[in-house]
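Multiple structures follow.
Both complexes below contain subunit A, partnered by subunit B and then by subunit C.
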Partner chain A sequence: MLASDIERTFDRYRDLLEDLSFPEVRRWKEADPRRKAVGFFPVYAPVEIIHAAGMLPVGLAGAGDRLDIQHADARFGSFICSIIKTTLELGMTGHLEPFEGLLFSSICDSARNLAFVMKRNFPQKYIDFLHLPHNPSSPASVDFLAAEYRRLIGQLERIGGDYSEEKLRAGIALFNRQRELVRELYAIRAAAPHLLRAWECYVAVRVGNVLPVEEHIALLEQVLAAAPRRDAKKRDSLRVVIEGSFCEQPPLEVIRLIEDAGCDIVEDDFTLAQRWFTEDVPAVGDPVHALAEAYVNRSVYSSVRHDFRKPRWLGLAEKIKASQADAVIFLMAKFCEPAYFDYVPFKQQVELMGLPHLALEYEEKLFTFERLRTEVETFVESLVFD
Partner chain B sequence: MRIAAGVDVGSTQTKAVLLADNGGRKVLARKLTDTGANVQKAAERAFDLCCEEAGIKTADVGFVVGTGYGRYKISFGNAQMTEISCHARGASFLCPGTRTVIDMGGQDSKAISVGPSGEVLDFVMNDKCAAGTGRFLANAAEVIGIGLDEIGPLALEAKRPVKIATVCTVFVEADILSYLANGKKPADILGGVHLAIAKRTLSLARRVNIEPEITMTGGVARNAGMVHALEEVLGAKMNVTPDAHFMGAVGAALFALEKMDDSFEMGWTKDYASHRGN
Partner chain C sequence: MAEKSEYRGNIHQRQKQLMLDWYGKLEQAASGDEPKTCSLMVSGNCVELLEAFGIVPIYPEVNALQLAIRHQSLDPILAAEEMGYAADNCAYVKADIGCLLKGITPTGTRLPEKPTLVLCNFVGCNTYLKWFEHVAKFTGAPLYVIDVPFLRTAEPSKEDVAYVVKQLHELVALLEKLTGRKFDPDRFRHAVACSARSEELWSRIKHLAKVTPSPFDAYFDAITLMGPLYVYRATQEGVDFFTDALAELEAKRSAGEGVYERERFRLVMEGPPPYPYFRTFRDMFAKWQATAVASTYSTVGGLWEFGFRHDPAEPFESVAMHMIAQNVTNRNMLQRYDQMQRYLEEWKADGVIIHFVKSCRLFSAGQGDMRDYFSKQLGVPTLYIESDLEDPRYFAEAQTRTRIDAFFEALEHSKAHPQPRPTVAKGTQLCVLPQA
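Moving on, here comes the complex of A and B:
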């Protein structure tokens, strides 16, 4: 890819993410009528297992501002976050037709209930709820999760999956490569943010939600090769860490306006599934056990994964230090309980470190951004014009 | 003498202020105009009227800072700052002891925690809700059938303010109509309306550190009933200057003057300003 082509690439993938018909999923399936796709609700799912069953794992991420809620409001209260409603709405309006299966996990009460609301409304689909362990300090948690993964494999085989351990080992190696490239992309963000804008990095990573991993790896390699050759001007900006957007995704415009206001987003928790493991998952031995062990021992800190061995705020502190951030922006989806519960200890940690912080609230469907723009600009002005 | 301007394009009204620096800094002229649909024209009109009042040419103004929700629409502006930064700076200039600013405007309200030099320490804005704004009061005035300028003084006459269950601008109409049907006096109804908004505003302001001195800014500061109600729920007196409505423009003009004086520490912010399109 030429450096000059990179902008067009980002635009193309942005358009792809905005297309609720999942064109890439349909294209992948058209190549062979036996192919099946399994969507997963944020934040994490063992995509390697879906891949090893010969199916396409697809990260669902709501509907942004492109779907009017006409059915979901009749089934969920007004205090439920947008992504829960838009996911159900996607189903009620036929947008999830390309998926034979849908996976949910224990991230919050709303997501837990969504799984069963979906199951009731779409009995023809395979809809499952993964019990990810809540207590990683228990010696039984790895075995518990391995058993849960084996149950998942059985369910995928039941709907036509062709699974083998060999394929799982190969899948783990592939997804390790994808995560490695994503880490490299973030390394560019941290070292030379002018070469890769935050929204570009975001699009390049998030498009992996809807692309086969092999294609995403190729895309990431192209971006990584082209980015250093870009003729982009360095700018002085505040280095900020974004925390709180791990499930419902903010509109792209919000990411842009934060940058336009004078911030470089050097770290974030957008599309966390693709950054879930802090190091490679071993692709040798019992691969199911390796995946389960990695979830328990090598996962990134997250508001949806409890770990009594290491408080999450220390994870945030490490992220802040490693990225040499000047400030933290808590960017939280309206009604997101995990994000708002963690806001308190996170905020205390950031204050302990003497860093300024700002709390912003968004919904995936936003059309006017003036209030958010004013808040971010004021935050920057308050730090810059002392 | 150096002259700078601040133009605050608010959602309801546009305010312009000329500030002169002749050893000391003083407000040379101030003008107000309805914003209407054409934001750019409103900004030009307010600015031109200001220059006319001061008897100067627009070219005599060395630097213009735009603020308010329409700040990026001011074609003649040299830079933009948010209204939160500007209200803090303006309040600190006119009332130097200010540590908290409560800004009640036409469509939104804000609470700002302010440092000794007028810097913003923390702030909070209301969210997608007109409660605690001029719009809410205008709606109440309309339902009762009196002018917006009359409701404040009338609210001060309240002997037994009614309880208002909602601060929703739409639903409060039903409450007011119900009280009117029950024969309650307009003064008591308005007293209740003002208290309800004051409490709502206070709960917003509590999200930042409320410390004295508290300065009220924004168009609603002209409403004596609202000032009284807020002071009652705060349990403290507020600074309310005749320029409260113009505070954003005053702050913007101060930033403009500082930029002219070259004491405006741009530093790395030159880049920052350029990628903001300034």
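Moving on, here comes the complex of A and C:
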């Protein structure tokens, strides 16, 4: 890819992410009538296992502002975040038709209940709920999770999956490669943010939600090769960490406006699915066990993963130090209870470190951004003129 | 004028005394090294294991509800919001954290500043995890999380049970370390045996509500009995209390006494009550002489009316089973629909009240779908109302009253002119409950 083509690539992938008809999923399935796709609700799913069953794992990320909510409000009323409703609405308007299966996991109470409401409303689909362990201090949690993954494998086979251990090992290696490239992308962001804008990095990572992993790897390799050759000027910006957007995603415009206001987003917790493990998952031995062990011991910290051996505010502290950030922006989805709760200890930690912070709230379906823009601009100005 | 509904027999006085004794023990713990204490959650609690060590449970939820019922919840909620908690965080947590910071307790007696252990028995509610993580952070007490797999299949798998049993053994080792006491298996079995007896009695009380008129209200009155159920279930005092409670209510039943002069409506209640307006809310139903004959909220601590008991022959396994499968919070939404459906049929109820509680997404997320299922699919008269269980700012009294009145007017009409309900074949049941 030429450095000058890179912009067009980002635009193309942005358009793809905004297309609610899942064109890439349909295209992949058309190549062979036996192919099946399994959608997963954020934040994490064992994509390697879905892949090893010969199916396409697809990360669902709500519908942004591109779907009118007609049915879902009556099922999930007030005080519930938007992605719950847009996901249900996607189902009720036939948009999830390309998926034979849908996976949910134990991230929060709303998502958990959504799994079962979906089950009632779409009885013809395979809909499952994975319990991801919350007590990693117990040696039993790896065995439990391995059993949970084996249960999933059994269900995927039931709906026509063709699973083998060999394929799982190969899949683990592929997804390791994907995560390695994403880490490299973030390394560029931290070292030379002007070479890769945050929204570009975001699009390049998030498109991994809907592309076959092999294609995503190729795309990431191209971006990584082209980025250093870009003709872009260094800016004098504030280095910020974004925390709180782990599930429902902010509109792209919000990411852009934060940058435009003079911030370089050097770290974030957007679309964690492609960054879930901090190091490679071993691709040898019993792969199911390896994947379970990696979840328990090698996962990123997140507001929806619980590990009382190490509080997640210390995870945030490490992230801030490693990325040499000057400030933290808490960017939280409206009605996202895990983000709201974590805000308190996170804020205390950031204050302990003597860093400025700003709390912002968004909804995926937001379409006027003036208030947010003003808040970020005021925040940046207050720091620049300090 | 609303009819007087609240039943005030001996059991009411005795439960009050039992709860005061409990707060007394906690006050004693606050001033010295004994008794040892442990914070834990009401739902799917493993109080039997604590009892085996002579550890007194602290239930922040019970404190929060006491506070709300006494109209004292707003101050601590505001204090927590001042710290950064959001308007939309569960207000139980905010009230508890606010109290912790301001040293407020529901009875004015002291609570231990730092429990021996903060034990998060995670049974479904993700808020529990955050709540206890914060409590441990703010008090400096050690934290342990028992991860209970959510019931995502009809029955727990043997791996689910093994996972919880292993963690219970780890907890035993931790409690030995923290208390300096050796685990006494006989004392544990005795606690489990007491629980089994309390549960049998509680279950029989709940089945009394099957008769018409029901001798007690299985929502509003059940709450009176729930405190002892959590705090004393695994002790002889608990067994004695429930023995007397059953005898008292059986006597009412034999005398044909109901909650009201005349029981006009029988209801199934879903969701926690609005504690800050508990009396006002109750009166809205009393006005129509409507009795709750069953409620999902009263199965938060355990689901015993369908037959489950703790088992002294398998103490660890039965504690694990209780935590995984036998409390409403760890069961999935569709299993809750089935539970309510059984109440409707077996307890012969006329309709369902769904109380959406803003704080509690565990209960309320998706209750609109529940309304759709009951009203459209099953043709059951269903009312959906919204408020909160702890935060007094979310109770719209006039609006709630109007909607409740309208519901009963319609229900009265439909009782006078019954229409056949759509029949739902047994095979289409969503997730079947184990039979008693």
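What we mean here is this: the second predicted complex is superposed on the first by the 386 of 386 C-alpha atoms of A that agree within 3 Å, B and C clash if a C-alpha of one lies under 4 Å from a C-alpha of the other, contacts with A are read in each partner's own complex, and residues count from 1 in each chain.
Please note the rule applied: contacts are C-beta pairs under 8 Å (C-beta built on N, C-alpha and C of every residue); 3 or more make two chains touch, one makes a residue touch a chain.
Keep in mind that what you see is a predicted model, and the values were worked out from it rather than measured.
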| item | value |
| --- | --- |
| When subunit B and subunit C are modelled together on subunit A, clash or fit | fit |
| Partner chain(s) touched by A:381 [first = subunit B, second = subunit C, both, neither] | first |
| Subunit B versus subunit C as contact partner of A:128, first or second or both or neither | second |
| Degrees between the directions from subunit A toward subunit B and toward subunit C, using C-alpha centres, nearest 10 | 80 |
| Touching partner for A:236 - first (subunit B), second (subunit C), both, neither | first |
| Partner chain(s) touched by A:308 [first = subunit B, second = subunit C, both, neither] | second |
| First (subunit B), second (subunit C), both or neither touched by A:205 | neither |
| Subunit B versus subunit C as contact partner of A:337, first or second or both or neither | second |
| Of subunit B and subunit C, the chain that contacts the larger number of subunit A residues | C |
| Nearest Cα pair across subunit B and subunit C, whole Å | 6 |
| Intersection of subunit A interface sets (partners subunit B, subunit C) | none |
| Subunit B residues touching subunit A - in the complex, by the definition given at the top | 69, 81-85, 108, 117, 119-121, 123, 125, 127, 255, 264-265, 267-269, 271-272, 274-276 |
| Subunit A partner contacts - residues on subunit C that touch it in the complex | 83-86, 88-90, 93, 122, 124-127, 129-131, 133-134, 136-137, 143-147, 149-150, 152, 157, 159-160, 162-163, 166-167, 170, 332-334, 337, 356, 358, 361-362, 364-369, 372-373, 386, 430 |
| Subunit A to subunit C touching residues, read off their complex | 73-80, 84, 106-110, 112-117, 119-121, 128-131, 133-135, 137-141, 143-144, 147-148, 151, 304, 306, 308, 311, 335, 337-338, 340-345, 347 |
| List of subunit A residues in touch with subunit B within their complex | 235-237, 260-262, 361, 370-371, 374-375, 377-378, 380-382, 384-386 |
